[in-house]
Every structure is written in structure tokens, then in C-alpha cells.
Amino acid sequence: MLEKLKEEVFQANLDLVKYGLVIFTWGNASGISRENGLVVIKPSGISYEKMRPKDMVVLNLYGKVIEGKFKASSDAPTHLVLYRQFGNIGGVVHTHSEWATSWAQAGKDIPAIGTTHADYFDGEIPCTRKMRKEEIEKEYELETGKVIVERFKGLNPDSIPGVLVNNHGPFSWGADVHNAVHNAVVMEEVAKMAFRSFVLNPETTMDQVLLDKHFLRKHGKDAYYGQ
Amino acid sequence: MLEKLKEEVFQANLDLVKYGLVIFTWGNASGISRENGLVVIKPSGISYEKMRPKDMVVLNLYGKVIEGKFKASSDAPTHLVLYRQFGNIGGVVHTHSEWATSWAQAGKDIPAIGTTHADYFDGEIPCTRKMRKEEIEKEYELETGKVIVERFKGLNPDSIPGVLVNNHGPFSWGADVHNAVHNAVVMEEVAKMAFRSFVLNPETTMDQVLLDKHFLRKHGKDAYYGQ
Amino acid sequence: MLEKLKEEVFQANLDLVKYGLVIFTWGNASGISRENGLVVIKPSGISYEKMRPKDMVVLNLYGKVIEGKFKASSDAPTHLVLYRQFGNIGGVVHTHSEWATSWAQAGKDIPAIGTTHADYFDGEIPCTRKMRKEEIEKEYELETGKVIVERFKGLNPDSIPGVLVNNHGPFSWGADVHNAVHNAVVMEEVAKMAFRSFVLNPETTMDQVLLDKHFLRKHGKDAYYGQ
Amino acid sequence: MLEKLKEEVFQANLDLVKYGLVIFTWGNASGISRENGLVVIKPSGISYEKMRPKDMVVLNLYGKVIEGKFKASSDAPTHLVLYRQFGNIGGVVHTHSEWATSWAQAGKDIPAIGTTHADYFDGEIPCTRKMRKEEIEKEYELETGKVIVERFKGLNPDSIPGVLVNNHGPFSWGADVHNAVHNAVVMEEVAKMAFRSFVLNPETTMDQVLLDKHFLRKHGKDAYYGQ
């Protein structure tokens, strides 16, 4: 079932390695079939070299395994919260990519200070609050998803397709799993440049009008952008 | 028409990827035939893998498409301002390369503090002022060009072949498009080293006499330089 | 003798180069056969290109050469101290990898500020005290091992599989030599991200409960983790 | 003449590219035949792709071209000063490598704060004073050599095989040109790690006794070192 989606999710997981976002098995990507309400995700702890499309695991939105001989990635409950709460997204990616994770470990939002950022994220990339003892000890991966959703109160996940989990690392999403990977690459590039700009000038800012211009010329209803 | 120039512009766009200045489609290069008053530029949003020399777009100096089945890069109006105002340049490059963009996001000129810099840029690499609301909202890409030209009042674009657009990224130029790419690579290398020197010693400077010596032994009328 | 272990140790030494932890001959890996009490280690000063599995040197736990036509790595006495004092470890790695060494040269522990760290190291990665004149001048490599052991008073080497030697560089260990290399790669990645987080926010910390959660969900008796 | 030395110097120049120390033609390596008093150096401005061993230029110690159809590297006068004043050296390398140049641009010595440094350099890697107007304007490349020699008053070039020229970049040397390249690679690695250690702890130092131990166990008369 869902062979095409399995192939896409498989490829997206390999792309994480190709783009340098993942070493060992430190990442996972998933995609959803909204019409079936089924999520396809990377199996747990399988090396990228050995993994095959048919090894992908199919879950329903509440975590029940529908198909698959392996266990789902242990981060699956976080992915599922995002699919349940962010109704337009079609793919989710989690990595420990080096630059975004450095911001997450610092517990800081990635500020919107350049047009590269504004082309993809309509505002700063938010960092969640620290999780509480009971959240960590009980259903940790589920609560990780909830703390992301909490952080997006008042924010639009469709125009800010990524987040930093405090002391942990980035999650990104998109219209499909390929797009979620793309946004993960962008977040990493943006995190790297924001780090250096911060060192050069900790007070630097970007005007809202420039932020809006770049986001909307690319994503607005009258989009015309293409480098 | 202009087949040779199309080939050069095509190759220059690929070189941006080869030198690590561009990911995805985040850059564009163009060249001009001064005798015809025609500019050849990368098409909009075409991936580097699929792009062919014949896909390059031919424009006149005021943006009218003379030949080409694709749209021109949305940054074309900026390129055209530079060709109109800087009469000696034959090629223009724009990227979001990671080090130069970090300085642009910080809103700071790249200081001339080493001979690597002085071999190519006869002074600091200037950063433009922030653009105004009306400039951003109306003809943004055109106004981006104008703000560059404004920044060069009193500066010679032939001896400072590049600029940082505030909160955005670098533009570079040169005698032809190949040379513009070369200067983009140099700017990136210089931006990287200046960042680190700044961290080690924020007050570091270079004497004007050394700056002049290096620029002139390479570009002056009695040039003799060659490593 | 110990042909399989020689092959593993040989491969581990090559892996140090593959993972970018070593240039020239700046590193060494060893493995132990606990049942025989024999250690297999890289020969001294042999280039990685020319080295073969049969060139590995076999030592007893007190440094006597049991087999091998080359001298053992001059760091062998440090490895041997670790095998004698840390009874569960099966492999040891030493490198001058760039990020971990930068922390060692700074004389600072690598703080536990992210889950990437917590997945492998149950607390900060400690840095030894500076060595004393008499320790340096007499049996330097032996004393290097002793100062590591001293630093682990009150710490468990099985849950913190690595250390920084002050002004020097990292040692790591693991269940076998392959695992010791794996931990060396992790330490380097963690050192890199901690550096950047430190620059962004020198005061950043991680709650003990999150540290424990990550370490134990992967290494505890009820481990369930797999990305 | 000197065909073997030409081959070595040719190879050394290519190695600078291979090790990532040089882009474009931003570097040069030379070697000397002490018995003939002749220096072989890279020709001026020839790209590394096109260069052949027979293109190397042969000079006497005072800069007279003995053989070669190309001009010598414009940095030749600096190399020659070093050969004349540092009687034991057999090869010289100059690059604008990114990390060493960052220290040179900052006008700061690279402090000896780790054993990687101490394995090759018996003390800090010195940075020259800024050059004076008359030195820059007259015989600049010759004076560059002189200012290096001046900086080594009281230092031993055989135990500190490299220097930073202020606002410029590194020179290194060694027993032969291959060794000079090796020392250039080490200086770059050491410069990179010292930068990061400086950021983490600007006050960090290394005891003289540890510095001596590492340098002498590798280079002293009772050397025994080999990783």
C-alpha cells in the first residue's frame, strides 16, 4: 500500500544524508496521505545504507502500525501531533543538523535578518520553551509535539514551516515530504548565516516591510519570484 | 543570437554552483554585449541540472525580452541598473553566498584588512543603506539597483567590483561574466577571513599604502604581479 | 594471532580518516581481547595509505610487545592505563580532531546542553587538569592515562565514554574499537555544536531530567530509542 | 637542470591545492639545491591545471633567472631572503590559506596552546610588525622577507618553521619543499583550532614544560614519538 509515498519518504530520508543534515541515523522524514489518513515514516534505527522503500512503516494518525515489519522511528509520536494539528502539511522532517541544533541548544529563536530567510519563513524561526519534568518523563515524544503546537499559538505553520525544539534540534514541514526536506536545508543555511551575522552585529534587524515583500513575492497570491 | 555570450553566461551560472556560492537556484549571472546593448541572463527558477545555453534570456537594457522562451531571472532589473550606470562592466553576478550574505545581514561593510582583499578591491566592500518602504513596495528589484548606485557615489565600481545589499546579499561584477564570477569567489573568501579576523581583533586595520600597493601592482598601469 | 581484532583495529584507524577526525598520522585506535588480556594497537608513524592489518602491534596490558615488527604507537601507555582501570571498555581512540581539540586547548569541559550529547554522554565531557612538571617529564604517556583516571573519580566511564586531555585533545572509548570510533565522531559533532551554542548564549543549560531521559531511553534497561 | 627538484617543486605546488590551502593561483612553493645555490620556484600566474614540471623557474640566490621561459612568481624575492638568511631550510611555501591569513589580518601571533602546535612549532607562530611606507613602496617583496627575518631575531627558524606576515598571510619552510608544505598544513590546522580555543577562553595558555616535551619528543636528539 502507498507504494509511491513510501518511495518518496525513502528518498527524502536519503536526501537528508545527501544534503549533510544527518550523520549515522540522526534524522527521520515522513509523509502523509491525507485522503487515507495514513502516515509513512522511516523505520527505527535502520542504517541508511541498508534501508529500502518497502521498509518504510505505515501508521494511522494515532500511531497504530498499519503495515511494516520494523518499528516506526521513535520520533513518530511527534510527527503525528504535527499532522493532526497542522492540517495543511504533507511531510515532516526531524534532524540534528549542526547549525539549527546549535540555535536550539542556545534556546534562541533564529531571527529574521535576511531575505534568504524571508523567502521561506515569514518571521523568526521560533524555539520552544523548555519542557517540564512531567512532560519529559511521561509521553516525551508526544509532549514534544505538543510543545511545538503550543509555540505556534498565534503563528501560522504554513508560512513558518519549521521550529527549534529547545535543547534538542529542528523540525520542519511542507506541502509534501520533499518540500519538508527543502525547508530543512533552508533552515540550516539560514541558521548558519544568522549565527555569523549575530557575531558581527548582535543588534542587527530587518524591517517588516522587507520581510513581507520577500515572503509574498514568492508565496503570495501575486507571486512572481524566480531567481 | 549572441550564442557565444549565452554559452558564457550559462557556464558562469554553473560555476556559481561549482564554487559553492549557490544552492538550489539561489543565484544568477548575466553578461552584456556592449556593442548591441543586449544583456543575456539566467532564466527564472530553472534548476541548474536542466538548464541549457539556449535557455538563457536576451533582454535590452530596459528589460524588454528580445529572445527567450522563459522569463528572465526576477533579479534582472537590478542587473540592468548596474549595466546602465557602471559603463565599463561586462558581467554581473548575484548570490546568497554564505559569508558575504552574513556581512550583508549584519549591515556592515567588509573592511579591507588584508592583501587578499587589496589584490581585488581597492577599499572596503560597501554595504548599502536599508531600503525605504516605498522602494521596497513599488519597483523593488529596480530600486535595489538604484540603492547600489547611490552607495557608489564617490566610489569607483571598476576598482571595487562588488557590493553588499543590506539584509540581502552580494552582487559582484567584472569585465565579463567570467570575471564577475571570479570576483564573487574572491568576495566570499575575503568575507570569510574578515569575519575571523574581526573576532580575533575587532580593531584591526590595514594601512592605505599597503592597500594601494597590492591593488596597483596587480591592476595599475605598471602591474607586475603574479604569484 | 588475534587476526579478527587486528582487522577491526586496522579498519577503525582508517575510519578515523574517513570521518575527518585525523590528518596525516594524528590519531590511533586500539582494541582489547579481554579473555587473553592482549591489546592490538596501530603501529607508530606508519602512514594510513601503507598500513595493513598484519602491521598492527599486539601488546600485553603492561606494554610488552607480544607480536609485531613495528613499534606500537607512542600513545600506547595511555591506552593501557584506560584498559586497566576501566574494566568494561573494549576499544580506545585518540585523535587531534579539530573541534574536540579546540575545547581541550581551552581547558574547558564540553557542557551537556543538547539531546545529541545526552544520547551518548550522561553529563558534560570532562577536561583533565593541567599535568605537573614531573608528570610531563618522566613517564608522560603513562601519566596522561593516570590524569584521565583521576578526572573520572566519581564519574562512570561506561556512561561518559570520552574525555579531553587539557592542552592536548580527546580520547574516547567504547564496548569495542568500532564503538570507540563512533563515540569519537559523536564527541566531535557535539563539540562543534556546543561551541556555537556557547557563542550564541554562554549561559545556556540543559535540565538534568532531559539529560537522563535521552541517555536512558537509549542506554537504560528499558531502552526503546531508535530514530 | 635540477629535474628532480623541479618535479618536487611542481608536486608541492599541486599539493597546496590538494590540501585546500590555495584557490586560483594564490600560493607558491619553492625548493633549493644548496650545493648549487639554485632555487626552483613556481612560474608567475600560471594556472595549476596547465602547469608542468618543466615550467618551473630556476633562479640564483640573488634573483637572476638561470633557466625558464616564464617569469618567476612575484613573491620570489621573499623566498630568496629566507634562503639566504635561514641557512638550514630547503623549501619555502607561501599561501593565503584561510585560517592562518585570518590571524595575519588580525595582526596576532598564533599562541602555542596545544600539543598539536607543540609537535611542530616550539613556541607561538610569530606575526611580523606592519611594514613601513618606504618598505612597501620600494622593494616590497624583498622587504617582506626582511621583516620576517627581523621578527626572528632571537627565534630559531629551525624550530619555528613558519611566520605570519601582518595584514597578508603565512609563509612556512622546512628541510625540503615537501616538508614546507607539510608545515603549511599544520600551521593552518593549528590556526583553526587556536581561533576556536581563543573564542572559548581568551586567556588559555600552555605550560612551557609541556610545549618543550612535545617538541623534543618529536624533534630532539632522543626523539621517540610516533602516533
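The chains carry the letters A, B, C and D, assigned in the order they are written, with residues numbered from 1 in each.
Convention: a contact is a pair of C-beta atoms (placed from the backbone, for glycine too) under 8 Å apart; a residue touches a chain by one contact, two chains touch by 3 or more.
Since the structure is predicted, the reported quantities are computational estimates derived from the model, not experimental observations.
Visitor: Moving only from a chain to one it touches, give the least number of moves from subunit A to subunit D.
Guide: 2
Visitor: If you list every residue number at the subunit C and subunit D contact, are more than half found on both copies (same) or fewer than half (different)?
Guide: different
Visitor: How big is the rotation, 0 to 180°, that puts the C-alpha atoms of subunit B on those of subunit D, in steps of 5?
Guide: 90
Visitor: Taking each chain's centre as the mean of its Cα atoms, which chain lies farthest from subunit B?
Guide: Between subunit B and every other chain, the largest centroid distance is to C.
Visitor: What whole-number Å value describes the gap between the mean CA coordinates of subunit A and subunit B?
Guide: Comparing mean C-alpha positions, subunit B is 33 Å from subunit A.
Visitor: Using mean CA coordinates as chain centres, what's the subunit B-subunit C distance in Å?
Guide: 47
Visitor: By the touch rule stated above, which residues of subunit D touch at least two different other chains?
Guide: Counting only residues that touch two or more other chains, subunit D contributes 199.
Visitor: Which residues, counting only subunit C, touch subunit A once they are in their complex?
Guide: Touching subunit A from subunit C are residues 113-116, 182, 185, 189, 192-194, 196-197, 199-201, 204, 206-207, 209-210, 213, 217, 224-227.
Visitor: Going by the contact rule at the top, pick out the subunit D residues touching subunit B in the complex.
Guide: Subunit D residues touching subunit B: 23-28, 42, 44-45, 71, 73-75, 94, 96, 98-99, 101-108, 130-131, 133, 136-137, 140, 167-169, 195, 198-199.
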